[in-house]
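Once you scroll down, you'll see the structures, which are given as structure tokens.
In the two complexes below, chain A is the common chain; its partner is chain B in one and chain C in the other.
And now, the complex of A and B:
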């Protein structure tokens, strides 16, 4: 899947995260801001990269403002932002690419 | 050197402070020492008044100079104006290397951060620091050390002379021109002046600052004229709306209500829950709900409390009004109902020393049956952290946590299993403030763990229908939800000390390192 335009998903509420994606410049570029960065920064990065890899994304600028979201939430927000950036908002592959 | 809670205390810090490592709660029981006496300036001919016009004038009279220790009390909480007003004058006079000995410092004191940065303030001795001061200290901006003490430990340090106060500043809601201070009767009432009493008794110079000067005698005095050198009248000593708030609305948070329910059920099934029991709790939603639930159970079972201790709030004062307790012992008032209750004949004001000093001949905390506490983190050894946030930044205060936990027969920590993504039950707390030997039970929304060191409590709960688990199980559940947290990255430099009640070192706090991703490829 490809990131064709910029898109966002998520909120800045506690235990959520806001993910903004836009087309990359030849690679994955992650900017992370998190209230739990000192304890979960590496874990969040791992989840983001795994999610992007699963979706076949290799070229993306992704910025995340995290308010203490759990892994499942981060995954869902990344998937949401990527699908929106791809223009796909209907007939989503629940249980397939979206877990 | 390794201490009794398994923390490595650097030799350099032991040398620098002359302190020893923590060796257990009872290590100094029975120790003999001579108390420190203040340098006292007698007032024989004063013309009947101790009034000075300005803070600046009084600082000059007190001989303010570089390197002095000045003290404050925190009964005005987030509404306090005194610390900033005094420090602003000290700064304007170009004085350097001041140590602030405050019973606590909060976000009301953010404006003094520049004075930390420019070397006006180089030492802090306080129950804790929050807000921007906490960030400044954790960021390495304080030249000396921030020593975090408990309420009882602070009195010990003052009475032994370990901390010598040159000038004590007492915010007095009412005061007469001769220095009799009261916590009530004025515009900015805080109820009691308990934390300031050791300061008044042991500081070389004592200055009362008031915004409500009343005719002599302002009796019964909470702090006596016999201890006060000067009185200054200012426009306002605090913001009444932030000193004592309206009664907190009863919580509707289902998680807190569930924990309060567990807590009450636990309490009533202990052998200590009988006529004449004693009880202390804090101001959190779950604590307040627990008090309300407990009052219901007491009524149902016809059991009366002998005394309640606080940090008081309306639900505690209601026990007195409804005849469910004989008396209240008060060191601080959190809401207007508690301030109002101070006038009740069975609502006794006590000093912080009477409350919790481990080095006097017996404090109130030793007579507690139950204390209900909160914690930022509690680990599988039942050690608690209430001072340092999980991000490594100092963001809280010891308060009476270690004092009451050590004294009470049954010390209960109530905390949600996770706060956002931060697990409250963990393998190792970021910083130890209260040793696990003091904590008897941990109550979370996912279950309850009794300290294995308390087989009697485990036995008492044998047939009680509550979700008991081991502390390790609670941690595992927490980690299954949040993921396993990594350890915060610190620099080598020690910026703060967690001082235990007896003055030994419980733990050190290091300067935080900005987060860096690990190098492993993902």
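And now, the complex of A and C:
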């Protein structure tokens, strides 16, 4: 998949995270802000990179403001933002690219 | 393809906004019998797409400890409901709740999409159940055909907010405005052999009013109530807990019917009351309620 335009998913509420994606400039550029960055920063980055890799995304600017989201929420918000950036809302690949 | 879960215990069905991670990450600690992960009214129009991702990953990742996971999809008049069903079924939901049901045809349309989603995502045929919400005067008048529309349908629920608007009245807290609908729905559900659930009680500051409301619907024959806050759960469960006397009697009835059946006797008395096979299912239900309430006895493993 490619990121065609900028899009956001998620909120700044507790247990959530807000993910903003934009078309990249030749690579993955991740900016992470988190209330638990010293405890879980590496884990959050790992989940983000895995999710992007699964979707075949190699060119993206992604910024995340995390408010203590679980891994499943991070995945949901990253995928939500990427699919929004593609304008795709139907016949989604549940269990395939999304899992 | 009859699914055993159609008859499971559903005293409380708690609504949770599927788009709110803080709500859906650990509702099992409050021990409702079912949760309803909502893609409909709780989710803003411009968040319908991302709410599905949140729902999908919650269903896939979170262990809800055996609590039934129902997904409320958007109404069949919206552009969202088909994808809602695909997402819910792919995620592994136990059931789908169809809002604003007004005919058997509505149920069959949703069922066709559930059918194809089960095939698409490799789930066993018939594993996803359906429930229907009745939210209009027309829906109330068509309740029986709705209840009989699908072998997947385990029950119907009254949705009081929309229903009272359609009736051109409003929620008063007395229940007067809901009387006809409640009576009609519970009769239709019983006639069809499915379950019936009451609407939510929205005034969280009036716990006495809530208690009276639950006592009323319990006596009317409802199987349970939709709840919107964990504080409401214990009250419903308490009211649905049978008394010690009821439980002792039910246990005697089950034992006697089992014993008398062996010797070919159909009608007999227990504690001076005439009993026959017609009491069997009710007695079993009383024991199931007692077990769910923690009134457990090993000998009830029958």
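What we mean here is this: the second predicted complex is superposed on the first by the 99 of 99 C-alpha atoms of A that agree within 3 Å, B and C clash if a C-alpha of one lies under 4 Å from a C-alpha of the other, contacts with A are read in each partner's own complex, and residues count from 1 in each chain.
Just so we're on the same page, contacts are C-beta pairs under 8 Å (C-beta built on N, C-alpha and C of every residue); 3 or more make two chains touch, one makes a residue touch a chain.
Computed from a predicted structure; not experimentally measured.
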Fit-or-clash call for chain B and chain C when the two complexes are aligned on chain A: fit
First, second, both or neither for A:15, with chain B first and chain C second: both
Touching partner for A:57 - first (chain B), second (chain C), both, neither: neither
Angle, in degrees and to the nearest 10, that opens at chain A between the C-alpha centres of chain B and chain C: 80
Superposed model, chain A: greater residue contact from chain B or chain C: C
Which superposed partner A:3 touches (first chain B, second chain C, both, neither): neither
Partner chain in contact with A:90 - chain B first, chain C second, else both or neither: second
Which of chain B and chain C A:99 touches, first, second, both or neither: second
Contacts of A:75 with chain B and chain C, given as first, second, both or neither: second
Nearest Cα pair across chain B and chain C, whole Å: 5
Chain B/chain C common contact set on chain A: 14-15, 69-71
Contact set on chain C toward chain A in their complex: 20-22, 25, 48-50, 52-54, 56-58, 60-62, 82-83, 86-87, 90-91, 121
Chain B residues touching chain A - in the complex, by the definition given at the top: 390-392, 420-422, 481-489, 512, 515, 517-518, 522
Chain A to chain C touching residues, read off their complex: 9-10, 13-16, 69-73, 75-77, 79-81, 83-84, 89-92, 94-95, 98-99
Complex contacts: residues of chain A adjacent to chain B: 14-15, 35-43, 45-46, 49-50, 67-71
